[in-house]
Every structure is written in C-alpha cells, then in structure tokens.
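Please find the structures below.
Below are two complexes that have chain A in common, paired first with chain B and then with chain C.
And now, the complex of A and B:
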C-alpha cells in the first residue's frame, strides 16, 4: 500500500475532500471527546487521548431501531443500514478498531447481525496512532499497541506540522484515492519519524498485565471472597460497561406513540440489577458481587473460552471513569494471587 | 490534617467491637488524584485507611447502597452497626438520611473528619496531566503539596479544590460520634453566584444549553447511584412493570430522567456534588440541583441535611408557606 502526507493545517480540506463518504470523527464538546458525523470540519480534533465514549456507538448505537410497525397491522418496515453507504471513521484509535474485531465474533456467531455487520462492511477505518498514551492504557498487554495497524484500513501519525498517512488495505486506498488532490506522497523522512513515534509511544505505556493463565483460573475463583474487595464499593452504575469498547450487551424493547411503534435495541449492562432479573422476581445475580464477577469473568474467561480472544483492548476507560477506583488491572493481579483452594472454605 | 495513625487506631477500636459489622473509609487509590472507598470488616485491614485531600467520595452513599439478601428462615438478621467516615459535606447526607428515617441513629457510628477541601480530579489533570501512580497530597497553609510520580508540585488550594469546597459552609461534620481531628474554621461561603449567572440567560439559551447537555447523557445512572439521597429501593426510571421511563436514549427520555431526578432531590440535595464528579460526559448536573437548593432556601427558609430535629421539607407544612402558584 502507499504512503501519503498532508499539512495539519489542511485537516479541514482533507475532511471536506471526503464528501462522497459519511465522515465520522472525534469532536470536542467542552472537554468531552466523542465521535460524531462531521458537519463542520472545524469541530474535528486530532488532539485527544481516548474519546470519553468509545466509537463502538458508530457500529452499535446506544439506541437503534430494528424495525417499525403499526399496532394492529402485520407489516413491518426494517431499518437495516445499507452495506452500500460509504462511511469513514477518521481518527479512530488502534484499540477501538481492535475492539470492533473482537465484537465481530459475537455479531457473527449464531446469526449474522445485519445492523452491526453492514456498518462494519461499509466503513473504512482511518486510524490515528497514539503519540501520548493515557496513564491507564495497557493495550500491549492484550494484543494491541499505540500504533498497531492490524485492524485498520489506514493509519495516521500526527507529526506536528504534518500528518503521515499510510494505507493498509484496499478500503484504505479507496479513501486515499478520494483525496488525490489533497494528499501528497510521503517519503522516508515521514516514515522514519512515524516509526520513532510508535517506538516512543510504546515506551510511554505505564501499566500492564500478564494475562497468561487468567482465563483458565477465573472459573476456579467463582465463589472466592476476593471479589468482595471490589464489589463492596461498586455503585452498580453502567460506566465501566457502557464506556467499554468491547461490551456489547443489549436489551430489546417495543415502544409506541399512539399506533406507530418500533422495536429497538439499546445498550444494557450486567452491572444493573434488572439485567439478570427473571420475570418470576428471582435474580440469579442478586448483588453487585455476582455482577462484578460476571463483568471481569466475561471479558477474561467466558469470551476467550468461546471465541479464543480476550474481550479487552486495554483502553483504560473503565479504570479512568470508575467513580470508586475499581481498577480492572488490580482485580486481575489479585485474581492471580488468590488461592483457588480458599473458595471451598469460604 | 488528620493523623493517619489516630484514624487507623480509631478504626481498629471500632471494628473490634461486637456490635460493629463493617467500617467504610478511604484507602489510597491505584492511580491518580482520587482515593478509593473501602469497606473493612476486619481490624487487621485498618492499616490501609487514609484521609487527605484525595478522599473526595461521599461514603454516606454506601450506607444505603448495601444490598441485603433475604434472611434465611429461622436466621436472625444482622443488626450490627456500620461505621462510616464523613467529611463536613458528607455528614449532611447522614443528617438527611436520619430525618428521612433511612436508618436509625443507633445503626451507624459516624467518624467525623473536619475538612479543608478535596481535590477536583479534572482540575488536577489540567494542571499536571494524568498519572499512572497514586498521588499523595499534603496541606501547607493555603497551598497543597502534591507528590506526583516522584515529583513535588505546589498549588494554591483555590486552583485545585472542588467547586463545592470553594463555597463550603460546613467544613465540620454536623453529626458525629467521634471527631478524628480538631474542628477547622469556616473558610468559604456560598452566594449562589453561579446560579445567578446561569439565570441571566434567555429561556431559549437555557434550553439550548440543556439540550446539548442532556443530549450527551448515556444513562449509565452513575449520578443516581453515587447520590446518597437516591436510595429508593426501586427507582422510577428503571422500573420495568409498569415502565414509566423508556430505556432508549434520546433527548426526550434523557431530559425526563434528569428533571425527575432534580425534582426528587428538591429540598433533599445536600450538595456533595458527587453526581457531577462521576459523570463520564461532564453534564453540569449541580446547576439544576443548586437552582432548586436556592429556591427552597428562599421560598421556605429550608436547608436539607443540617438539622436532625427538622422535618423533611416535603413532609412539613407551614401556613405561612408562599403559595403564589396555587390558583
């Protein structure tokens, strides 16, 4: 594939050059970074750590209409996104792109979910390598890296005055073609600078976890009291899961206004009591202990057992935003220290 | 500053009592500018307890957050006390809990901590960046000295404390069984200038503001769950049968959620600001709560969480209450 560059001051020109695409990019509202459809290139920022809300919402919106219907009538009108709609996510972090590849497993599992998969197919991922990873980033521990190219169609490196853009797939090359008047060819200098930045960024990662053995061990800690050290202070809110780029649970609800109705799905979280509440009133996860255990076990044990990949990309959001400092790395380290035997005596 | 040995000794002494079940305090966080709440059941774990300006969380919330499983037939419920450490502002939650009869005075042991303010993590990160190791903080007069990853930084208290601390009227606990330090002098006051400023806007501008803010909401309910006064057994917004608020997110449902919550807190919000602190998308929730706080004060001369002998505002009636809105 090919190497390009553009002057950073021409960012707005690059974005407007993508007029054939629906462009989704990070924008700031106050200090909050979040991906949105670009209507004004001036809103877009490449100067952000990790977006507060992950771009999973671009493939798997927080609330999504599945189909519409009229009460009392048999016809339904499906709201499946077209696989033909050309979209580009501009400036996605490598970890968030990796998360899509993990969630693919679920949405391709026993049924091909057209809502998620059509968007995946129609979307090119133009990544932005991290020059300054956040304090709680640990992507290299879970198969990623601040400049990981594996799950992207193209990758950008912010080199100060210029942005170096390297295409990695045909889809990425398609985006570069649309920008043929705006991009310039990049040479060895930019490549060298990008390689150095990637190496430096890796060195700036401060937190890590050796995941070896964790997926196998967690089930043996099912009844272990060590979970209580964390669940005792859990508020039971949805921050850790809603802001997780790989959490993918949803609820399905029918909603109506007079006779116009829709079936919609919306994010749900295993941290809420009503998530596992049965119609009978019984709740198999009656307290936050069982819910905390489920969140961690699902990411680091059940998901890898089923799909052979840990459902965590090390973006650090669940650590950064937890109001009570429930730190997934702390839990994982303590799970390694916990004696499985104790479980029986507890 | 509280002497940590004194604090840990008091915790141990409390935990070994036969009538005490657990103690809620703070320990050093795993990273950054905030401590972690911790629930201790064994006196040997008391050595982890700390108090310093990183201890931002209102631990009174954990008194009502605890989930209790049904007691098996024939077994007696555990009625032992819970001990909790509170700052001045947090203590107002306990006062309000008590007058709402959320629990009895004998059910809790309150370890009060006079406080000169806690750090706003957002302000700290703007000043000094995010940090992967836990930050330690000492008070030196009007300065705070932070040890951040081996480097020492000094900052004026007014530049780094939570907004609520900069207008703190109750630095000393209003209810406590033991004070862990000498009382401190009141160092700030509240003139509701922020509410005045907000109210200057036109209705259209105010609505544009809230439309943008509520539009960001992801309905993680962290503001509700962290709130010491949001302790309904079943919250109306998550009730499934019947369902009063939809689970879908849009400006209408999000607005309904935030307005319901603000009204349910009228005359009850004790201004600990936890809702706004925890919001992952920076919704300025306290603007709503403070508007209601001031209205309640002006209309009914009432302040929640300051007097255990008071009646809850909405359970009291005074023939002199203003009633302009009644036709």
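And now, the complex of A and C:
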C-alpha cells in the first residue's frame, strides 16, 4: 500500500474531494466532537481526543428501522441499508475501529445481521492515530494501541502542519484514489515522524491492566461480595454501556403513527432492571449487584469464552463519564485480588 | 429455515384453530397455525424443543416453544399463557386471523442419542408445552425407545393443559402420573407438588433420561429429587427461558453466564447448567 500526505490547512479540500462517498467525520458542536455526515467541511476537526459518543452509531444506530408495514396488513418491507452505498468514516480512532471488529463476531454468529454487516461492508475506515491519549486510555492492555493499524483501511498521523496518510487495504487505496488531485506522495521524513509519534503516544498511556487469567477466573467470583463495593455506588444510569463502543445490546419495539408502522431496534442496556425482567415479575438480575457483575463478566469472560476476544478496547469512556466514578480497571484489579485471596484460602 | 438474508423478517401464519386449555386471568390458549405461503414448508424443519418468536404486527413478538412435534405434519402449535402485552394481544386472535412466526430458533432435545432408553418427562403447568413434542416424537417412533413415563401436575384440575391427550397416552400403554397441588372433589390422582409426585413414582435411573420443564422453583426441586433417585447430571435435561427480543443471539439479554438461552439453548443438560449459578437465578 502507499504513503501520502496533505497540508492540514487543506483538510476541507480533502473532504470535498470525497464527493463520491458519504463522508462521516468528527464535527464540533461547541466543544463536543461527534461523528456525523459531513455537510460543511469547515466543521470537521482532527483535534479531538475521543468523541463522547462512539462512532458505533454509524454501524449500529441508536434507533433503526428493521422493517415497515401498514397496521392491519401482513406485508412488511425491510429497511436494510445497501451494501453498495460508498461510505467513509474519516478520522476514526483505532480503538473505535477495533470495536467494530469485535462486534462483527456477534453480528456474524450463525445468523448474519444484514443491517450492521452491510454498513460494515460499504464503509472504509480512515483512521486517525492518537498523538495524545486521554487520561483513562488503556488500549495497549486489550490488544490495541494509539496508532494501531490492524482494523483500519488507512491511517492518518497529524504531524502539525501536514497530515501523513498511509493506506492499508484496497478499500483504503480506493479512498486515496478518489483524492488523487489532493494528496501528495509522502517520503521517509513523514514516515519517521509518524513512527516517532506512535512510539511517544504509547509512552503517554498512563493506565493498564494485565488481563491474563481474568476471563477464566471471573466466573468463580460469581457470589463474591467484592462486586458490592462497586454496585452499591452505581446509579444504574447505563451511561457506561450506551457510550461503550463494544456494547451491542438492543431492544425491539413496534411503533406506529396512524397506520404507518415500523418494527425498530434501539440501544438497550443490561444496567436497567427492565432489560432482563420477566413478564411474571421475576427478575434474574434484580439488583445492581447482578447487573454490574453481568456487565463486567460479559466483557471480560462471557464474550471471550464465545469469541476468543475481550469485548473492551480500552477507550476509557465508561470511566470518564460515570457520574459516580466507577472505574472498570479498579473493578478488574479488585477481582484479581479477590480471586488471589480465594485461591490462597482454598 | 428463515429468510437467510434477514433473520428479523417474520413469516405470516394463519390460525386454523384456537382453543383454551385453561380458564382464568392467566388462561392458556393453544393456536394451531399454518403458513399463508405453503411453500415455506419446503424449507421449514424443526426439532422437538425448538422455539419461535410468535407475534402480532403492531404489538411485538415473544419467544414460545413449538408445542407440536415435527411428526405432526402440516401445522405448528403454540400454547400461550396470557401474561403481558404480546400474549394478551395474541389471545384476542381467533381462527382465520393471522399472526407472525420467526423461527425455528435455538437447539433441541438430543432425541437420537436417547434411542433405546427409558424416557421420563416431568412437567408442571404450561411447562408441559416443550415436553409435548418430545412425547409425540417418541409416540411416532415408538420402537426406537424403551419405556415412556409422563409425570405432570398443575395447581388445580382446571389448570391442567392438554387434558384429553393424557388419556390417549394411557390407552397406548404409556404410564401417566398426574397431580394437583391442593385436593379437589373427584380428583382420583396424586395431590401435592410435582417434585413429590416424582418421588412417589420413583423412576429407575438405569438407562433412563429425565426431561423436566415447569416453573423455575419446580425445576430446581425436580432436579434435586432426580439426583436423590440416582440420576446423574448427564441424564437430566431441562429447558430454560429468559426475556428475549431477537431470538438469534444478538440483543444480549437472555444470557445465563456465557450461554445464550435463545441460541445455545433452550435445551440444556444439568451437566452443563450445574456449573452456571445464573442458570437458576
């Protein structure tokens, strides 16, 4: 694959050059960056840490129509996105791209989910390596890194005045081709600067966890009281799951306006009581203790048991936005301490 | 199989017949349905224990076991207790109306592995619904299995599902042991809870498989008593239920530990479940 660059001041021109694509990029509203379809290239920013809302909504919208129908009739019309629509997510962080690849496992598990997978197929991921990781980032602990290229089609490094762009797949090269009049060839200097930036960024990561043994050992702590240290504080707001790029749970509801109806799915969270509540009134996860345990166990034990990969990319959002400072790394460290103590007394 | 390109799209089925199994606020109604597009039968195949999302457009869908055996051809049966939004809406429907079916979903009872063995079913209330296809499958393949025993109880005489069918089993030589929780006039059979009825019948565990379904509390005590009778965990099977939305292992909520009831289940051997505390939560 090839190496390119463009002057940072020409960012708007680069984005305009992608007129054949639906371009999705981080745009500022006030000082909040959120991925959205680019209508005005001037709004797009490459100077952001991690977007508050992860770009999972670009593959798995907060609410989406599964099919439409008319009340009183039996015919339904599927609302599946076309796999042919050309989309590019411009400036996605490596961790958020890794999250897509993790959730792929689930949406391909025996039944292919055409809504998620068609969007995946039609979308090129042009990543943006992190030069300054956030305070709670721990991507290297869970298989990623601030400049990880593994899950991207192309990666950009913000080198100050210039942006270095390296294509990694045919899909990424397709995006670069569309920009042939705008991109210039990059040389050894840019590559050297990018390598240095990646190395420096890795050194700036402040938090970490050794995940060895966690997936195997967590189930043995099912009844352990340590969960309550965290669940007693939990407000049950669900923000840790809504803003998690790998959380994929959804509800399905029928909605109608007059006779126009749809079946839609919408993000849901295991942190809500209604999520697992039976019609009988019985709830297998009746308190926040069971729900906190399920959230952590799902990410660090149940998901890896099934798909051989931890369902966490270390983006730090659940830590950053928890209103009562519940910290997933703290929970995992405490689980290891609890397990070690149990093993000693056993 | 369902539309492989989109597992969220349901089939339309027409209700050929519908009747009440039990009366009351939590009545159980059985629906006998057929696909409006008869060509679906060319690709449809289900096994005893499998489920389907049954629903009404405009309301939603819920997971139910297919209570007919694949050996009963040309229709599907679902027995639905009136409990919540979807089940109340389904109860409004009568013969001639349409509803939706999405399936078959989940795993099934390993009936081939059970060939040559004695089979004991232990059901409580609406929990007989997933056992009915097992019983009917064995009746249709009678020479492949040894003894068949049916143990079934409900709270009252009127709460018994599939009433006439137990007489049919009896006439064929299948021993049926029935119970109600509290004594009523003219009840000739056992009075007490199903786990107690099981101890009264005391089936021999040798070369036997016990299959149980009912309220969670009943399943728990039935399994305890089966173990007392000498059944090994590998000889005990049950079906679980949890709240479900997608039925295809995506929406998340039906997990017990690392197992999704909709996809890894609903049928589990106790050998699998005994190490998963959440299975009996």
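Here is the rule we go by: the second predicted complex is superposed on the first by the 338 of 346 C-alpha atoms of A that agree within 3 Å, B and C clash if a C-alpha of one lies under 4 Å from a C-alpha of the other, contacts with A are read in each partner's own complex, and residues count from 1 in each chain.
Assume a residue touches a chain if its C-beta (ideal position, glycine included) is under 8 Å from a C-beta of that chain, and two chains touch if they have at least 3 such contacts.
Here the structure is a predicted model, which means the values were calculated and not measured.
K.L.:
Classify the contacts of A:253 with the two partner chains as first (chain B alone), second (chain C alone), both, or neither.
P.N.:
both
K.L.:
Is A:170 contacted by the first partner chain B, the second partner chain C, both or neither?
P.N.:
So A:170 meets neither chain B nor chain C here.
K.L.:
Should A:150 be classified as contacting the first partner (chain B), the second (chain C), both, or neither?
P.N.:
Neither partner.
K.L.:
For A:305 in the superposed arrangement: first (chain B), second (chain C), both or neither?
P.N.:
second
K.L.:
Is A:216 touching anything from chain B or chain C once the two structures are fitted on A? First, second, both or neither.
P.N.:
neither
K.L.:
Once the two structures are superposed, pull the chain A residues common to the chain B and chain C interfaces.
P.N.:
251, 253, 268, 277
K.L.:
Can you list the residues on chain A that touch chain B in the complex?
P.N.:
Touch list, chain A to chain B: 29-32, 34, 49, 52-53, 62-63, 134-136, 206-207, 232-233, 235-239, 242-243, 251, 253, 255, 264, 266-269, 272, 274, 277, 286-288, 319-321, 323-325, 327, 329-330.
K.L.:
What residues on chain C touch chain A, complex-wise?
P.N.:
Listed in rising order, the residues are 4-10, 12, 36, 57-61, 83-84, 87, 98, 216, 241-243, 245-246, 248-253, 255-258, 263, 277-278, 281.
K.L.:
For chain B, which residues are in contact with chain A within the complex?
P.N.:
29-32, 34-39, 57, 61-62, 65, 67, 69, 122, 129-133, 212, 216, 218-222, 224-226, 238, 240, 246-250, 274, 277-278, 280-282
K.L.:
Okay, in this complex, where on chain A does chain C touch?
P.N.:
Residues of chain A touching chain C: 66-67, 69, 71, 73-74, 76, 78, 80, 106-107, 109-114, 219, 222-223, 248-254, 256, 261, 263, 265, 268, 270, 275-280, 282, 284-285, 290, 294, 297-298, 301-302, 305-306.
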